[in-house]
Amino acid sequence: MSKGKLTGAAVAQHNSRDSCWVIVHGKAYDVTEFLPEHPGGQKIILKYAGKDATEEFDPIHPPDTLDKYLDSSKHLGEVDMSTVEQEEKVQDPEEDERQERIKRMPPLEACYNLMDFETVARDIMKKTAWAYYSSGADDEITLRENHSAFHKIWFRPQILVDVENVDSSTTMLGSKASIPFYVTATALGKLGNPEGEVVLTRAAHDHNVVQMIPTLASCSFDEIVDAKRGDQVQWLQLYVNKDREITKRIVQHAEARGCKGLFITVDAPQLGRREKDMRSKFSDVGSSVQASGGGSVDRSQGAARAISSFIDPSLSWKDIPWFQSITKMPIVLKGVQRVEDVLRAVEMGIDGVVLSNHGGRQLDTAPSGIEVLAEVMPILRQRGWEDKIEIFIDGGVRRSTDILKALCLGARGVGIGRPFLYAMSAYGQAGVDRAMQLLKDEMEMNMRLIGASKIEDLNPSLIDVRGLVGGHHAPVPSDTLNLRAYDPLQAPRFSEKAKL
Amino acid sequence: MSKGKLTGAAVAQHNSRDSCWVIVHGKAYDVTEFLPEHPGGQKIILKYAGKDATEEFDPIHPPDTLDKYLDSSKHLGEVDMSTVEQEEKVQDPEEDERQERIKRMPPLEACYNLMDFETVARDIMKKTAWAYYSSGADDEITLRENHSAFHKIWFRPQILVDVENVDSSTTMLGSKASIPFYVTATALGKLGNPEGEVVLTRAAHDHNVVQMIPTLASCSFDEIVDAKRGDQVQWLQLYVNKDREITKRIVQHAEARGCKGLFITVDAPQLGRREKDMRSKFSDVGSSVQASGGGSVDRSQGAARAISSFIDPSLSWKDIPWFQSITKMPIVLKGVQRVEDVLRAVEMGIDGVVLSNHGGRQLDTAPSGIEVLAEVMPILRQRGWEDKIEIFIDGGVRRSTDILKALCLGARGVGIGRPFLYAMSAYGQAGVDRAMQLLKDEMEMNMRLIGASKIEDLNPSLIDVRGLVGGHHAPVPSDTLNLRAYDPLQAPRFSEKAKL
Amino acid sequence: MSKGKLTGAAVAQHNSRDSCWVIVHGKAYDVTEFLPEHPGGQKIILKYAGKDATEEFDPIHPPDTLDKYLDSSKHLGEVDMSTVEQEEKVQDPEEDERQERIKRMPPLEACYNLMDFETVARDIMKKTAWAYYSSGADDEITLRENHSAFHKIWFRPQILVDVENVDSSTTMLGSKASIPFYVTATALGKLGNPEGEVVLTRAAHDHNVVQMIPTLASCSFDEIVDAKRGDQVQWLQLYVNKDREITKRIVQHAEARGCKGLFITVDAPQLGRREKDMRSKFSDVGSSVQASGGGSVDRSQGAARAISSFIDPSLSWKDIPWFQSITKMPIVLKGVQRVEDVLRAVEMGIDGVVLSNHGGRQLDTAPSGIEVLAEVMPILRQRGWEDKIEIFIDGGVRRSTDILKALCLGARGVGIGRPFLYAMSAYGQAGVDRAMQLLKDEMEMNMRLIGASKIEDLNPSLIDVRGLVGGHHAPVPSDTLNLRAYDPLQAPRFSEKAKL
Amino acid sequence: MSKGKLTGAAVAQHNSRDSCWVIVHGKAYDVTEFLPEHPGGQKIILKYAGKDATEEFDPIHPPDTLDKYLDSSKHLGEVDMSTVEQEEKVQDPEEDERQERIKRMPPLEACYNLMDFETVARDIMKKTAWAYYSSGADDEITLRENHSAFHKIWFRPQILVDVENVDSSTTMLGSKASIPFYVTATALGKLGNPEGEVVLTRAAHDHNVVQMIPTLASCSFDEIVDAKRGDQVQWLQLYVNKDREITKRIVQHAEARGCKGLFITVDAPQLGRREKDMRSKFSDVGSSVQASGGGSVDRSQGAARAISSFIDPSLSWKDIPWFQSITKMPIVLKGVQRVEDVLRAVEMGIDGVVLSNHGGRQLDTAPSGIEVLAEVMPILRQRGWEDKIEIFIDGGVRRSTDILKALCLGARGVGIGRPFLYAMSAYGQAGVDRAMQLLKDEMEMNMRLIGASKIEDLNPSLIDVRGLVGGHHAPVPSDTLNLRAYDPLQAPRFSEKAKL
């Protein structure tokens, strides 16, 4: 037994609500008193009481979490890991199949678009991680509408324009970028890749693409900034804490570390119910929940709720001047969803807005960013305000045609989130690299094909938005009996036997 | 042999149209003369002639039925049930599979929304019970449109509103409720649960939700009122009897027992044809029907017809003043389906209307309540009549977003029926409890997400109804040959064999 | 060997193009010279050269065909059928399966609507017969649109109307009928039932429904009129022959035999290409066609072409006065498809029009009758012409709601064709009887539910046609990759093993 | 060993990047220095280094390619093919299945429409050839919209018009044709048939149909012109070379050889990304690509890119007068996609435009030609310019109804491409012959059915375009949970066992 180290057996005795120790990265912590405060609920901690919780802990807590939130008196010191009993892995046929699929993964070169990464990721990611990334609010109608809405906009390409040289570079919030999309903030990067968000930082650097750093990252903020190279541009995404002093510290630290924009999330006074995520969580800790009896309502609601209890639901327009007073970074409201609020943002001197529904993760049947954009821009132009504010959108962007449609409407840039997470989860940095390169290849070609050689050439005359501005159609439910009675036309049939 | 009791053998001799006895709850009844009057037809009684009919009798007859409708001279007294030959159950593979499924039911905690209860109920309910609850008119287009219509309305959420404290309580017909939905009237609760409607009464109490008591309940009216606790609010749903004295007695009894609203059903001068129900009935008594020969038209039309022959198809606007004269309860017309009739209701001093198509069970391609609401409210507001009458809707409500859309348009509250029946059928009171709690959780969150902290904050500017007011689209039938000739794009393929 | 009768062996020698005899109903005919004139092509006759052709002959030739079209010198007299070699039936697995299905047919009582008959008929009819009845033009888009269009019209039901007594009887072209639909003309009734169209005549009598007699019936015109009972009403459908004398004879004969209306088909200068029919024909005589070599274009185009070569494609408006001069029957143009032609019909003193696309069998993407009706009626009303002409529609009528929608718009009556053929093919007269009774039951109920007690109460305020008058929507093709990448929400899962 | 011929062994030694010889049609070539210039990339050549490359070479290089592009010093002379080691064919189960399918192919007579050829071709063509022909840009939405758009146009047929004699002949660019469609230019005909484009030439002759000769044909231009017979009409499709002298030589040569029109492609400054094509290519040379490691971005992008690197992306309106100066042929811009560019073409004295999106192969969500036509024609008519220019469309034409709709709108003719390739690939010239005959048969019939006896009778009053001009509808994504919870209506069930 190593000198001064705790033994696994010693820790294992503290395996109850009355005394609960856990091991993380080889050190033991007494979390008994912290149990009721844990944002993710007690249950998940108690599952690891007396045991090594590192694997579960890592993706959803930045490395500095224990130092920050647990009094040093509760840090019990190192554990001799050789004495810790290895949890015998339960035989899990689903997990076995997943491991089998990983061995048969398609090579990276077989991914030709951003959906391809999603398809591969779905089959090789851990079920809970996939559920957290991919889930949306309620029936996931907005989640899908986000991409579907782009298909309601069609091009009006112009021909016989000299497009030998095409340049897709642009400026967003005063910073240059090679292409008008940015990596938007998404939480818990280590669910998909053990290195987490820094993988995105490196790929963004190589493509001269802006990265927005998420509040709920798996890596710490400083780790992500440390991964920056050269004059790479980063922005900060902010969930506003109930404790404004914490918020102020975060903002000013980000500015000091060189962040070039502050994106305040305004569409999440409460993080959404995402049933795919909840259902995956449920089966994960299923047995104990079942034991709790059918009568009570179980409130464990997936990863989203676990990590967001600090967010302030009372945040309001009144707080804006205070933000303007504590930072010189351009301030952007992320999650604006209607014209009235864009106009108010202009009036309050806000630098930008992201028209966004949080990737369809918050309120179902909220409109897509691209639809709100189509409503906002004509009104801004009518008032002569189109240059007073930079308009971004995110949600559902998968093709360079999507980006071009947004820019033709008047957006300054678009955010892309999940696709890079999927590329990273499936293929690491090489995946993100290829995803970005595919977008750039598409961009160059499609600018040629609509007859635009630079970003400034993009304008509303190049698109047809009539399909978008007529409201949301849900067709009449079809009549099953009649459809099934119908005998569809047949194509010519191949014979059963070969001809002689 | 027990003294003074009839023997099974004695009863079994009366097994024909000429002399027909049946046993219900251990007592024998002579129903020979009643056969031609039975609203559900003779056939179903004759199936049990000379036998114990309790299991079939119970769900569709309130306990006081035999006392009310069969002269006491036909009450033959108790039967020694130990002498009654047990019907040997026919081996029924479908029923065996159902029993098997019941053993494997998902735990209640695995239900995250109201559709989940429906899915579970479909697999574990008796086929005839499921058919009665779930069926709709003709092709069930209106049945499905009812929910589908909500998807044509999209939100216009407002941001940066202080939503720390959210209150969803409201007042309907002068009574307080914790949330603006009520349990609407649905028939034959014991088809889904042996205790019947009182289960809903108890759950409604626990959530401070209003319950509407159905005329066609399996429990008697008084049983349901007796199950009320504290100042719990109940309303009465009324099918108007051809004999107005009976109607008057029912209404005044309800008022005396504390009912706070009278909902007169006006969309059912005749109960609808529901083919799913008819088809399930058919196979239930299939053999004898087949024996009756193919030539004649069989008129047995499911449970709906069996229980509704007393309803008066001559009910008209002329009867309204009479209702107003016999009760002080607020009077609401349930089943209004066009603007003109809402205006007429206001003019006649009616207190409220339910815009409803009877859950899609009556006239197929009747419009959804939410669509009629979108047409009615602007006209009421134009006349300054929006406070002269309370507007409710029912049909297809499954999510709190549905409720919010109705309230933004101007509804006072919404009725929910089948989902609670399904929850009750699958999980009993705990199921109903969870269903209501899920709606409340969704409600609190979604009010935050659209930026409303109380019911009064809901207004038309928060929604986009353009998709709803443009009529019903049925797309052009697709061309089979071309669609089948098309070779869809493929995602990257996993290799057949694992890489080495 | 019977005295004076031909032997099978004698007939069998004439089995080639040079000398071709066939047996029909026990008599031999020399058709050698007739071969090139046969409207259905030589090939089909040559298949039976020297053999008994009765089974193939019957459904598509009225009994008087041979007398009419083959010179008596070619009538060779009776054949001793006992000497005719029985064709050894080729083993046909499809036919065996069909015979097996016939044994397991659902009982008639299991059919609850008109689609049910179609579903049963599809599975038990001979393949070629099914193909002839069910096929439509090109991609069968209009065929399906015909019914689909009704779903674009929704009701605006009125409540609190006294509907105790409902009467659906009406008058069409001066004749009374119990209900505003008629049996429209359809060809080749014996393909579905050995008795042919007289089955429809009998059922129409029992329900007091008008029957339109088809030119291309399997029964002769007189057989169908002979089957009439009492004051039963029949109309004549007319394909106009290139030889006007023949046409005149047919029309005046019909009038003399009591027909009460003349329906001139105007949508079929050439009978449509129906690929389902052509394909079924092809495989029927497949081997010989294949032998003919791949290079030449095969022109055998199914039953439709075979029977229609006499129709005059030069028929035009100029011919109308001549028709008016040869008969006193009301004249109706069947197959009108646009407003301009309805107006012209009024101007020429035509008594009625059927807005029809020939059941989707002629021109694909021709509009449905109900859509043309919605366009025509407001214009007629605007001119005050709505009583100058009776407007009928046919195509896609399957429910009484469909009939009600047409009548609310302004139609006098609707034609129903295929559904009665399917009912007859599956269940004979009892099937047609039940089909009509189902429509009547639906009609009574649905008139109650929209608040109409008699046909005159039906009017445009009871329906919402906005969905119909906005043109034909074909949605944007969906993006396969994205849809397949999407991981749909799951319902609660039943466990694999039963709980203990 | 044959005197003076190279041996296979001698060639096989030059199998590397350092010295790379290949055999084509029995002759050896030294392509070492050419490797870096090969438009299709080095990889594909190196696969055949030292080997016989004829099979791969043939379809994508016209016969004169080696003479034109490889210096004669690199032509090494004949090879004794008997000494060349036969590549042992790798066992390929997919290819074996294809060969098996070819043996069971449907006879030509079983194809009743143009989609049928596509269905057969898909199953019997080589996978890479199918991928090249059938692929479209990105998600292939425009590819499918092209045909789908025709279904948004419906007919308004007129009746009682004398249509005994129907004539579909017309004049396009001053040349007569039997029917208003032409064979449009498509690349690489030998992928589908070893004879290549001359097969189309012969079939076009037999039907008096115009053929457009593609720049990227497998046959050389002169071969295709040589195959012309009599006064058969041919046009030239032109990709403009960066070297204008080459372009001038091509154009003037075509004019000298009798071409009657010059179609300059303007929608392809860069050939589109077609993922189906790329993916098929990928698996074809899959192993080596995989070996190249996951990190780098593979730029091999299918056949389209390989053959198009010479196209000039700087082509612009400024070049038009130069074209007008070098030829007297009528000049047509192929690939115009918006009104503004049609108007500009008129102003510049251009003779015609093809409204086209390149068969959906270039920019996804570009509009269909038929939609642009519906927008263009009213504006041309308003300016009185409709006779100043001939308007053609292509893309998605499959039925004569499609052709009729375009002509009713105002098109002079329509181009058809892929369907003839599919017919040729499946059945050779007989297939193309039948495809053209089917269109002619449909055309004659459908002109009758809409009441037009000659091309001049076609006009906008015969169609309803409201469905086309309202923009592109993508319906609201459906709610999975609710749809799956719904229990669809059932048709009558056949019993499991036969009745006794």
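When the chains are written out, they are named A, B, C and D in that same order, and each has its own residue count from 1.
The criterion applied here is as follows: a contact is a pair of C-beta atoms (placed from the backbone, for glycine too) under 8 Å apart; a residue touches a chain by one contact, two chains touch by 3 or more.
Just so it is clear, the structure is predicted and the values come from calculations on it, not from any experiment.
Both copies, chain A and chain B, contribute mostly unmatched positions to the interface they share, with under half of the numbers common to the two. Summarising the inter-chain layout, the chain whose CA centre lies farthest from the centre of chain C is A. A turn of 90° superposes the CA atoms of chain C on those of chain D, with the angle given to the nearest 5. Between the Cα centres of chain B and chain C there is a gap of 41 Å. Multi-chain contact residues of chain D, defined as those touching 2 or more other chains: 110, 112-113, 115-116, 119, 139-141, 144, 151-152, 275, 279, 467, 470, 472-476, 479-482, 484-485, 489, 491-492. Every residue of chain B that touches chain C in the complex is listed here, in rising order: 100-101, 103-106, 110-112, 115-116, 119-120, 123, 138-139, 141, 266-267, 269-270, 272-273, 275, 278-279, 282, 289-290, 294-295, 297-298, 312-317, 319-320, 333, 335-338, 340-341, 362-367, 470-482, 488-489, 491. Contact residues on chain B toward chain D in their complex (touch as defined above): 113, 115-116, 118-119, 122, 130, 134, 139-140, 144, 147, 151-152, 275-276, 279, 398, 467, 473, 475-476, 479, 481-482, 484-487, 489-490, 492.
Taken in their complex, chain C has these residues touching chain B: 107-110, 112-113, 139-141, 144-145, 148-164, 399, 401, 427, 430, 433-434, 437, 441-442, 445-446, 448-450, 461, 464-468, 470, 472-475, 480-481, 484-485, 491-499.
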